[in-house]
Amino acid sequence: MKAGFVGLGNMGQPMARNLLKAGHQLIVYNRTRSRAQALASEGAQVAGNLAEVCVDGLVMTMLSDDGAAEDCVFAPGGILGALPAGGLHVSFSTISTALCARLDGAHQAKGQSFVAAPVFGRPDAAEAARLVVVAAGPAEALGRCRPLLEAIGRKLVVIGPEPANASTFKLAGNFLIVAAVEALGEAFALLRKSQIDPAMFLEIMNGEFFRSPVLENYGKIILEQKYEPAGFQMRLGLKDVRLLLASAEAAGAPMPTASLIRDNLLSGVARGLGHIDWSALARIAAEKAGLGS
Amino acid sequence: MKAGFVGLGNMGQPMARNLLKAGHQLIVYNRTRSRAQALASEGAQVAGNLAEVCVDGLVMTMLSDDGAAEDCVFAPGGILGALPAGGLHVSFSTISTALCARLDGAHQAKGQSFVAAPVFGRPDAAEAARLVVVAAGPAEALGRCRPLLEAIGRKLVVIGPEPANASTFKLAGNFLIVAAVEALGEAFALLRKSQIDPAMFLEIMNGEFFRSPVLENYGKIILEQKYEPAGFQMRLGLKDVRLLLASAEAAGAPMPTASLIRDNLLSGVARGLGHIDWSALARIAAEKAGLGS
Amino acid sequence: MKAGFVGLGNMGQPMARNLLKAGHQLIVYNRTRSRAQALASEGAQVAGNLAEVCVDGLVMTMLSDDGAAEDCVFAPGGILGALPAGGLHVSFSTISTALCARLDGAHQAKGQSFVAAPVFGRPDAAEAARLVVVAAGPAEALGRCRPLLEAIGRKLVVIGPEPANASTFKLAGNFLIVAAVEALGEAFALLRKSQIDPAMFLEIMNGEFFRSPVLENYGKIILEQKYEPAGFQMRLGLKDVRLLLASAEAAGAPMPTASLIRDNLLSGVARGLGHIDWSALARIAAEKAGLGS
Amino acid sequence: MKAGFVGLGNMGQPMARNLLKAGHQLIVYNRTRSRAQALASEGAQVAGNLAEVCVDGLVMTMLSDDGAAEDCVFAPGGILGALPAGGLHVSFSTISTALCARLDGAHQAKGQSFVAAPVFGRPDAAEAARLVVVAAGPAEALGRCRPLLEAIGRKLVVIGPEPANASTFKLAGNFLIVAAVEALGEAFALLRKSQIDPAMFLEIMNGEFFRSPVLENYGKIILEQKYEPAGFQMRLGLKDVRLLLASAEAAGAPMPTASLIRDNLLSGVARGLGHIDWSALARIAAEKAGLGS
């Protein structure tokens, strides 16, 4: 297939690379052009502006937050205006439920289609084409972009016709993960202050009960305090929990654990830890207990 | 081996039964005598008082809370006075870290030994001898009761010589579980209010990421709202989180997620739900969101 | 003075009336025109659109939320375009710190001035011209609108040249009030469940220690459970706490008490209580304790 | 009157001094005898043990926590055994609702009376005989000790016949105060990070709305960061909030704001701040926001 790809950050670049490897032809665009050039040697065509990535009528975006996604679609010269009627916009970004609904409405009003397909996985999963893609949108549009969605991940899950639901789903899924990280962090602080080895605790609790790679992976990072380089930065984690709380407020569902985690992530960011891994929630829990980081 | 067993509730009875099945000779005692009689037909000898269960110099206890455990050991005619010097008390109960330390000290002062061996698992696991036993105490004492500990579970983990640590470990482990339940409950409330199927969400999140029987089992209970009969009652869950918070305060480790869960469990108990399963935390989250239970 | 006034709700209407009483000439505008007509008999001129209220170069706005304020300024035919260069926009609305900053920038870019002057007080205080006005903006602009600001309240406080600060100040002030309400609600629930009379408690605690009309007034509402008609609706309280949390996140300051209150207000709104007074936080605390409302 | 007085700490010593000044004859006892000697020059008789302070059949206690109060009453040679039948024990200490009920029951069983009379006020108020005394107990016993209760404070409030209620009342009252302190601390952190002067904020909010000496006094301490010498130590504040939460759990009333404050106080104590004033909650809020203390 021929398609455009916008946003070549930590996640976008390996995703685009995997699309190229799978034989698709990409026109790529990134605000910082050098990141686009890096893909040229792998067969990508580099666009000079957003209009050029829309010429084939199918454009994918992987942007860091609502602001970037809004700009890229709604600003003059943006995707909304450049995409031809009948065109399709596939958004991989983790954006708010509200923006997702707004994008969907705007594209529909132009006779275009919109698919929200946020991905689960950290940069290493993106490189290995091992992401899990959670997609929602009209069946016809999903059918059209399916080969692209399948090329970037190990699993594609279609959850229905409503793009905004993919956003809520992704944010709720991330919440389960960060809630497990927070709980580990609090438990480890107690154990350390009680002179009990957290590594033994994790091995037993995960080995005998949870048997979960999520706990294993994050537990390892926390035990080794290897928060850098970040797989997922605390400031992005804060953004995701903020978006979750906004979705939850709009839906009318209080999520007190998410509120608590938000405050801890915010404290981390306020104290200069925004760039380290969000599992440093455990470091914040330890410091509250008077433990050195 | 010949030994005494005190406390034949939902958990104690199947544990004692499995000890009998494994060929051990038990003298059993329960405040409500009828529950002891039930085991007589399976070979147990029924004691009329606590002194009788101590005659063989090894007594196990499985009691519901600190108060019951204190009574049974410290009250006149209790285990502390009845157990001969050199005797061993093995406590399976989930009791506070502080009481654990106090029991250890009192037994040592009498020339007796104390092993704390709290168990993970619900009544069905107790019946199937599939508990996980987390034991701490002096090596000699652990060696002595090992055949008993092995008879009741699928796994015995020895975490060190300090009995109080077994209590902290157990409470911290329970916390990981209840934190996962609370997070599921909050996420499900959001999903239901967003018209997204929580069953699909759980299947994907657990199937692709967590792969954890904990999430699977509790998720199922919550999705089916099958909070009765309770595997573990909300009022006992409240007790465990209270004990955890007491341990954490003594150790100097704030656990805000545990505080939040405590308040939700307390609300459940205050509203008459103390007898249903503690996973009804999800029901409380749903009601806060204006959803019928 | 001659000036325009936009937004004639529960607060705006009595404020405009007091401006008329003080001898100022107003051109008023409200989306629902009937509320504007009501003021015609008191001497106001009724505008047919936003452009007309801007003709005198000074326009005041009192709108319910960010969305309404944005529309009224930025939409085609809005204040930003209609106000002449050198004109002044005085915003009484409680809006977000971020929107305040954005309005300030937009007006400056047009050679216009912007003063943020949010008010403290409920509708009865607005009617009695007893509001407290917290204003921020350039000294020259403040000097110009001072007679208007003085006509609507019992006290005008100027906090500096930065309009956005007035918004943060207002939101932080509201937070002190709602935090006192939440604390009263939690304490009353405990007292009621302990068979201690909350009225006696309030009388002693406020009479001997706090001596605060805030506690007296809200305490009375709560004791009498007179949540209707609302002085300040729960859904507006939720909005204010949301804006506070947004300001706090932007500033890098976690406010866990505000997060907790947000979740309680959200639960109230989700359960159909959005229209009653925000002091019904006490009702939510009581219900959590198993007390009938 | 002739009476015994036990516990001569920061609060007990000035209280005893004021009883002497009012013309009462005291036999005083303190574990650290030197603090008792200090009162000898002011006319007190110094007792060598607890039995001696009970000889007049009326003994007052002002102890720091449940443990000290329990020891002093229940230990061999303690008040319970030494006080004659018909004797009266007046407890000024802030102790748990549960211990209060237990003391009441034990004294009744011995034909003795018990009055709980916890006091509000910091050491300076104790010295100035400006405490507020909240008393509960049988009418006859209250009548008997009234002259003593009146000698130590500016106000005596009798709340009923049930001693345990005085404890709940005191703990709930303290909660209102600490909740106000926490809210101030969170608001000040936001203001400081927004470059808004917290002193101006406090002056306006308290001057125009709250008009409360509680906010004025604590606001001043926080603005000046004068947490030493402590009027009320953080570790004692933690104790009080723990007792409150225990009362609230027993009564079936969740108090999430109290839980949150408990965790903040615990963090302070865990980080070595247990000896400074509990209003250093504001310091903890500031540090979470990345502000130096």
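Chains: A, B, C and D, in written order; residue numbering restarts at 1 for each.
The criterion applied here is as follows: contacts are C-beta pairs under 8 Å (C-beta built on N, C-alpha and C of every residue); 3 or more make two chains touch, one makes a residue touch a chain.
Quantities reported herein were computed from a predicted structural model and do not represent experimental measurements.
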Identified repeat of the A-C interface (over half of residue pairs identical), from B-D, B-C or A-D: B-D
Centre distance in Å when subunit A and subunit D are each reduced to the mean of their C-alpha atoms: 52
Whole-Å gap between the CA centroids of subunit C and subunit D: 39
Contacts with two or more other chains, residues of subunit C listed in rising order: 193, 248, 252-256, 260, 263-264, 267, 270, 288-290
Arrangement of touching chains [line / ring / star / complete / other]: complete
Complex contact set, residues of subunit C against subunit A: 238, 242, 248-249, 252-256, 259-260, 262-264, 266-267, 269-270
Contacting residues of subunit D [partner subunit A, same complex]: 193, 263, 267, 270-272, 288-290
Residue ranges of subunit C touching subunit D (in the complex, touch as defined): 97, 120, 132, 134, 155, 157, 159-160, 165, 168-169, 172-173, 175-177, 179-180, 182-184, 186-187, 189-196, 200-201, 204-205, 208-215, 244, 247-248, 251-258, 260, 264, 285, 288-290
